[in-house]
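Paired with chain B in one complex and with chain C in the other, chain A is shared by the two complexes that follow.
Then we have the complex of A and B:
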């Protein structure tokens, strides 16, 4: 029984050691955590269910927006923030509506940055959410 | 120690020793840069060297967003050869710390992918708080204030503010500290909806031709 136990512990150790070495080696190379809190995000299904009670903001670069975007979404990215923000505030913003911001995918930070600036710089009182999975996720569920 | 155990231990040490000697060695995989206020781009140079004994092919270089480009002079790196990848972030109207990544893929089996991180601290030339003022329909048309503050290391001596419509008046007053201003905005009335773009021009000390925008709006009466 004891040799079996010793062999098992040895094998487990052998399996764990390379994993630990690899984890240490890649520690600073991969970002493991999203910068956006879960409570600040919304799923595609829930955002869709809001219908006309929500305004959609596309935070991707102009070229991506021009190629395709969520219907009725307005372009607001940080490349032209000073020019595009007034257009949104003057033409589309409504204090009662929720705001859904999206960028290309789960991993992009653009939507989170735009949502933060809407809260901090424009001081908008609206419920502002970042779309989980971004445009890629929206495309999967496009009807 | 029996033979299978020795073989397993040998394999483990071989695995660790070969994994620790990646051929393409990077001087730094993370760079933090502080571009000059108003600069239209932030540039970081990631240097590498092939410390191995065989050539390496850089198969792909991808950036995390369309705002960042990565330039590589050649894809094949001979043993002992040095090179660099120049990552350029187009700052646009971004402010604060921007973290962008460049993913480098090579045919080096021991280290096929490296993620380079560019951190750029972009100074906001003029901070507007808030950038938007609004009144509900039929609200008392009292003036509201936007505080304009020069960014860190930026000198602004005066501001010129104009409204796109006469339905809003604007006035600039000095703030509580140097480089700070109060922009007083007031609608003529709030009986009907109105919007205005407020164009804010700092004096030339903040940079030639720099213009900022704020917005004012009287909301429509809810139906």
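Then we have the complex of A and C:
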């Protein structure tokens, strides 16, 4: 029993070393609080300052978008991804513009998922950021 | 017969080295993968807090690689089999729990390649590996006689 315990502890400990090195290597990407890396997010103030250089995407369900949304934002959610993505690409997308994606609040995952699909599936080269605090934060600072 | 078990051990070890590496690096082109992607896969099970998902995303792939190497080279053999068995049991349990709660999961067990496997195939593969690990445990060399650095 003792060799088994000793071997297990050694293996468990050994795996900690490369994991720690990897954590250091990715220290700027890793976020311990949120599913989205800090470098992939943008504050409301900074996103606003981009003005017409940014396209806003609302990743919330249709009903929330219809109730209210950021002016000039376009609806692009995962429920109707295949239908809405071509519309976005034809009507609003431009390779030079930054893309700001938002959902309801800090805790929602929809914006992060849409941002990731825009990068990985649609392969958009744009700078794509998720709005920190989402729609709730935007409402607080609405002027 | 000993050779056959040696080959099974090599294969199981190789599977875990491969499974771990697919979560750490992308080979075409070569680059280190963002651990946040695997952390999101773990988070999709809706079992653990986000911070623990990140810690596991950093740690589990290396644990798989190191235990896989231990199996291949027959060093710390029993310890590696025990850890891998525990990992498999926890993973199978978490997968079934997620499925019964209606959560559509991508397990991320083999990095991007996982997306091409159905849930049934995942389970079948996992049970096959569990069976191999249990058989290897049964046929393992005596720890007192095995070489332990």
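In this section, the second predicted complex is superposed on the first by the 110 of 143 C-alpha atoms of A that agree within 3 Å, B and C clash if a C-alpha of one lies under 4 Å from a C-alpha of the other, contacts with A are read in each partner's own complex, and residues count from 1 in each chain.
The rule is short, and it goes like this: a residue touches a chain if its C-beta (ideal position, glycine included) is under 8 Å from a C-beta of that chain, and two chains touch if they have at least 3 such contacts.
Since we're looking at a predicted model, the values are computed, not measured.
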item: Which superposed partner A:63 touches (first chain B, second chain C, both, neither); value: first
item: Which partner reaches more residues of chain A (counting touched residues only), chain B or chain C; value: B
item: Which of chain B and chain C A:89 touches, first, second, both or neither; value: first
item: Which of chain B and chain C A:12 touches, first, second, both or neither; value: second
item: Partner chain(s) touched by A:81 [first = chain B, second = chain C, both, neither]; value: first
item: Touching partner for A:37 - first (chain B), second (chain C), both, neither; value: second
item: On chain A, the residue positions that both chain B and chain C contact, one per complex; value: 7, 10-11, 14, 18, 22, 25, 29-31
item: Residue ranges of chain C in contact with chain A within the complex; value: 24, 32, 34-36, 39-40, 43, 50-51, 54, 58-59, 62-63, 65-67, 70, 76-80, 82-83, 143-144, 148
item: Contact set on chain B toward chain A in their complex; value: 5, 8-9, 12, 15-16, 19-20, 29-30, 64-67, 90, 92-95, 99, 101, 114-115, 128-132, 134, 195-197, 211-215, 217, 219
item: Touch list for chain A against partner chain B, complex; value: 7, 10-11, 14, 17-18, 21-22, 25, 28-31, 60-61, 63-64, 77-83, 85-86, 89-91, 93-95, 107-110, 113, 117, 121-124
item: Touching residues (chain side chain A, partner chain C) in the complex; value: 3-12, 14-16, 18-20, 22-23, 25-26, 29-35, 37
